[in-house]
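Per-chain residue numbering starts at 1, and chain names A, B and C are given in the order in which the chains are listed.
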Amino acid sequence: MAQKASKLVIVTEKVLLKKVAKIIEDAGATGYTVVPAGGKGSRGVRSSGQPTVSDAFSNVKFEVLTPNRDMAVKISDEVAAQFFDDYSGIAYICDVMEVLHAHTF
Amino acid sequence: MAQKASKLVIVTEKVLLKKVAKIIEDAGATGYTVVPAGGKGSRGVRSSGQPTVSDAFSNVKFEVLTPNRDMAVKISDEVAAQFFDDYSGIAYICDVMEVLHAHTF
Amino acid sequence: MAQKASKLVIVTEKVLLKKVAKIIEDAGATGYTVVPAGGKGSRGVRSSGQPTVSDAFSNVKFEVLTPNRDMAVKISDEVAAQFFDDYSGIAYICDVMEVLHAHTF
């Protein structure tokens, strides 16, 4: 049952939620997880100022399990090309991963 | 102080929060983290429809640091056996991990 | 474009949000992500009791991409020294990571 996979993580602004989700789906990924997020990047503080309890989570973090690195890179390249000139964002891969149980693989 | 560990990640429906927490505790794990989550899997869109700002986070993501892979697999097997026929869910392991500081290890 | 990095994860109490953010910034990290979190550690249940839908997320999880392990350890040591005697917390590193796109690196 165990399978190797790559985990692609994308953190970006919440306004891009649906557009990034569409890119992930169009790339053929069978599922993803979205988590509310705040933070700070080199474009200055992400979300509204120093993170606070009430308004810190105006970003989103996507996690996508992909069957191989190529799909992860394809999604990341597309998201970066479309949005990262104008919006805050970061994309990275965790390589070591073992999928134990899933409906989504 | 540094210790190796496995990180088990389980994403499933929020209604299972307490039941999954109990399985984790019964397996002997000394702690876990829970994060609100939304997303999409092969059973169709998780949570209520295309993720939106207001209703996207009807899932939960558990992260459990376990001292070895066996405990992670045991928890994952139990959660999948009890719930993954009827509920959306995915479970996976990140193998490479170094615990620096914790009350929980 | 791909770069290796370490990912430092710190889960602790929400009251420490600004103080931990300052330690991360002072260490020279160019960005971080914050996610609401609940959970349970060896000091007893983190947040207010058994996690529930309404009050589970009184912790925060920081994720910091650092260019090397040394910066991650420095941040972790500082946070643990200042706070982990009095507050719940855990800090760990994911070693295998590839940064694809970012404003923050």
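Keep this in mind: contacts are C-beta pairs under 8 Å (C-beta built on N, C-alpha and C of every residue); 3 or more make two chains touch, one makes a residue touch a chain.
Chain identities (UniProt): A, B, C = Nitrogen regulatory protein P-II.
Computed from a predicted model, the values in this text were never measured in an experiment.
**Q** Based on which chains are in contact, what kind of graph results: line, ring, star, complete or other?
**A** Shape = complete; every chain linked to every other.
**Q** Regarding the subunit A and subunit B pair, does the interface count as same (over half of residue numbers shared) or different (under half shared)?
**A** Mostly different residues.
**Q** Go ahead and note the Å separation of the Cα centroids belonging to subunit A and subunit B.
**A** 18
**Q** Would you please write down the residue numbers of subunit B that are in contact with two or more other chains?
**A** In subunit B, residues 35-36, 94, 96 touch at least two other chains, as defined above.
**Q** Which part of subunit A faces subunit C closely enough to touch in the complex?
**A** 11, 35-43, 46, 50-53, 56-57, 59, 61, 72-73, 76-77, 79-80, 84, 88-96
**Q** So in the complex, which bits of subunit B are touching subunit C?
**A** 5, 7, 14, 17-18, 21, 25, 30-36, 65, 94, 96-105
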